[in-house]
Amino acid sequence: MHITTADFIDYFKSVTEMIEKEKDYLCELDRKLGDGDHGVTMSIGWQAVNQKLNNELANESDCGKVSSTIGMTFLNAVGSSVGPLYATGFLRGGKVASQKSELTDRDLEEYWIAFINGVKERGQAKVGDKTMIDTLEPALIVLQANAGGTRNFAEVFSEAVIEAEKGMKSTTNLISKIGRSSRLGERSLGVQDPGATSAYLILAAFLDFIKIKTLA
Amino acid sequence: MHITTADFIDYFKSVTEMIEKEKDYLCELDRKLGDGDHGVTMSIGWQAVNQKLNNELANESDCGKVSSTIGMTFLNAVGSSVGPLYATGFLRGGKVASQKSELTDRDLEEYWIAFINGVKERGQAKVGDKTMIDTLEPALIVLQANAGGTRNFAEVFSEAVIEAEKGMKSTTNLISKIGRSSRLGERSLGVQDPGATSAYLILAAFLDFIKIKTLA
Amino acid sequence: MKKLINNPTYVVEEMLDGFLKAHSNYIRVLPENDRALVTSRTTREGKVGVLIGGGSGHEPGFLGYVGDGMADGVAVGNIFASPPPAPILEVTKAIDKGAGVVYLYGNYAGDVMNFGMAAELAEMEGIKVEMVLGSDDVASAPKEEKHRRRGIAGELFVFKTAGAAADLGYSLEEVARIARKTNDHTRSMGVGLTPCSLPQTGKPSFEIGDDEMEIGLGHHGEPGIRKAKLQQADVVTDELVAAILEDIPLNEGEEVAVLVNGLGSTPRMELYIMFRRAEQILREKGIKIYRSYVGDYITSLEMGGCSITITKLDNELKTLLDHPADCPMFVQK
Amino acid sequence: MKKLINNPTYVVEEMLDGFLKAHSNYIRVLPENDRALVTSRTTREGKVGVLIGGGSGHEPGFLGYVGDGMADGVAVGNIFASPPPAPILEVTKAIDKGAGVVYLYGNYAGDVMNFGMAAELAEMEGIKVEMVLGSDDVASAPKEEKHRRRGIAGELFVFKTAGAAADLGYSLEEVARIARKTNDHTRSMGVGLTPCSLPQTGKPSFEIGDDEMEIGLGHHGEPGIRKAKLQQADVVTDELVAAILEDIPLNEGEEVAVLVNGLGSTPRMELYIMFRRAEQILREKGIKIYRSYVGDYITSLEMGGCSITITKLDNELKTLLDHPADCPMFVQK
């Protein structure tokens, strides 16, 4: 598979659309666990990203530049918890994709590995803390197990998304240990973590995107 | 009819009870026309009066002293619009009843005439302004028409209360010209004035009281 | 409605108890009357006494405005009810330093009667009293009947300038003149979004739909001019400011003070959004805002909404507005 | 919920616009970043810069506390969201007078990451930065894990003492020490009665029954320790003060500052009723209240409820607390 910079930009546009649809749901989860703004924050961030995609980045050919600009744009638009987390992901991914006008299967693998490692490093959360790491870490394990290998990326990524989904769902039965909801104790049980949810949605959107690419 | 000071005190106690029952209704009317506190104000005032009746005034023999103490007590407990209005009524009535340990038909007539004139003088409202004067003025006319005459007070007062009731009811179809509700214009139509209502209730309670006295 | 109170009957007493404990360096209660509060600092002989007062439930109004450069004493009524003459009289006696006392209060039937009775009693005791009634609410009567208008948030400016004038040694007549002039130069209009409730009844003070606002609402929940569909902040501001400017025409180059006053539960964020638009309108007309106040200055318990006040300034009023003040709920350097 | 706003997307921008227009004598925005605000007065070379910040929706927190004797600048986030590193960095550069900058903010995951990133960037530019996190909310983690506790209204005292220390010429390390000491000496706990709503969603920030309260509520509407039937103010105060005193034992004769902070829609009357009871409890224990603050200091939009904060004082903190301050929303003589 070859993803051009234009494809890459299309993917990010699709994330903006998806976030607009899921905004209320993400806020709903955050109202139960935190301060209720996760959907709003994601929406503000991705609207700002979309602005960039349609303007400064419209004719950009460097995938790395696209990703790192997205990171900085998202960060400066939202701050919040997810600003530094996702921004660090996009910045690290941007390094991997730097100077590339096309991304191969191996590039994409590396991109998402760097992305997830960036988030992990920034947030220092562990699996079981009830954060987006519960979504991202299982995906990372799948990606790393196949890193540098010969398997089709779409196939590997589809497995990664399956694991990510399980991870996301597992947060429902976790007691929160980090972030705003960590003071809830037992009361955090029964609700899926909003960040774990948005992280899954971002990965799943990429899978959708490459599936459509492959069919086309 | 002869009303002793003890009877007089009993009447005022009955007003306290009556106001507690009508408190919510009076507030309800004032919410529609004013600031919603008329029932609360009346209740605060009459609770304070009741305290006095049960203590300092418990063995008082001077009807005038009872009435003027009630006036000052009511005034100091509530302030508000009705504080000065009713207080002036009780103070003027108190002058008429001063040094008397019993009130005759003619005394009672004079008492209520003085009471109403006091309220009128304090408030300077006119019939048709949508205030308690719409209740009190018609009663005053009846009382004055018979002043110093020989008719039975209970009979005269019962006519006065009938006129007072008509006056009270007339306020429903008046546009307010004085007090808080006077800025409502047309919107003050359709609601009976709270002060006109409490004034009627006070007169009606006196009628009930003398009826029971007469039967007993 | 939910309230953090004990017995509804004693809310005013308990508030005063807490208030006096919290601010004993500013204010004390007179032994003669538990609703009569005066500054705990010593005031100069010969200074005109400034007495404010009105119902409770408007905090910081009115007890929060006793202090240096503002009022010398306050008479505290029940919720939304004028204080009776007794505490007014006691405060008058305590703050009279031989130069007389000015009473500053809102134009409401109850206040007029109670303060009037107190003034008569004070004069019988040889104290000169001047009375100035706040009547800034343009929504409460037509222009030709300004004497019938009620006083709302604009009273803050009357307290401020009259308090400063008294502090600067003006005579009783002069302090009263300043208060009257400030009131004459002041116009306000409010908008209500959600009602408050009296602790004793718990009932909403007025009925209003989920998508409605009450234009011209009084600050005791008295109905205003009309109910309307809730509009955007800019549209609401336009209406309030237009009503004010129609009432007190201002020319290019003139200077004003602006107050956006929250009624109780409206976040400061919204008040600043309203202020932003008011400033735009005035700037477009070439009118200069000399001083701005944005916040909860005279409230109505937990009522939702706000009012806008504009006061036309001249050099005299500017100096008095700039004068420092130090009160429990109002400090200005 | 009803709001006086225009487009929900621009509430923070419009608030800032109004705020800056209303208080241009106090505060200005940096040309580099529209969420970076600094004092408009000139600060002395060699003075330690005090930088505060956090999400919007807490007004007067945090932008209302920029001024003499408090903060030199503020980074403004979206509603309930930490500001990103960029405005923090710009404020840092603007207020550094060669002596370094102290960052004062609440202990929230987002703030920790964003302020941390900004500090790294500032240090790369040669500016020394100290960070002190507010963590006064006893309801947010057990005593042994104070580092995990979130910061609520008690941050006001941290701003106050650190701001005073910087004003008095303390070094960066000393200002940071003062801030840490104040935070170490400070405990708060809150109670929520009614939720707020984000302008963008309009949905209540938490679910609560008509007769319920949330004990230990966070000031973004984060759930607290437990829901309970709403009790009388004295009972609620007893619970909050007991939790605080269990966490920071105070001996007879010790002195404290007390803050009863409204969350947005709770009338001042109720705050004073809560204060009254807190004062009773402390007095009975022989603890002296040296200074009291009662009002809306750090809010959560239109949330209903309040928090109580107690700070243990020594002579050093007393002097700093007494130091004058002059900010758009906080003036102390």
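For this structure, a couple of remarks:
By written order: A, B, C and D. Residues from 1 in each chain.
One rule holds in what follows: a contact is a pair of C-beta atoms (placed from the backbone, for glycine too) under 8 Å apart; a residue touches a chain by one contact, two chains touch by 3 or more.
Just so we're clear, the structure is a prediction, and the values are computed from it rather than from any experiment.
Looking at chain C and chain D, no chain is in contact with each of them.
Ranking all chains by how far their C-alpha centres lie from the centre of chain C, first place goes to A. The mean-CA centres of chain B and chain D are about 54 angstrom from one another, to the nearest whole unit.
As a whole-number value, the distance joining the C-alpha centres of chain B and chain C reads 32 Å.
Chain A and chain B have CA centres that are 75 Å apart.
Judged by the touch criterion defined above, the protein chains link up one after another in an open path, with no loop closing it. Inter-chain contacts, as defined above, occur between A-D, B-C, C-D. Considering their complex, residues 24, 27-28, 31, 33-37, 39-41, 43-44, 75-85, 122-123, 178-184, 187 of chain B touch chain C. Chain C makes touch with chain D in their complex at residues 2-7, 11-12, 14-19, 21-23, 56-57, 59-60, 64, 191, 193-194, 196, 210-211, 213, 230, 232-234, 236, 264-277, 279, 289, 292, 294-296, 299, 301-302, 304-306, 324, 326, 329, 331-333. Only residues 9, 55, 77-86, 108-110, 113-114, 117, 139-141, 148, 150, 198, 200-201, 203-206, 218, 220-224 of chain D touch chain A when the two sit together in their complex.
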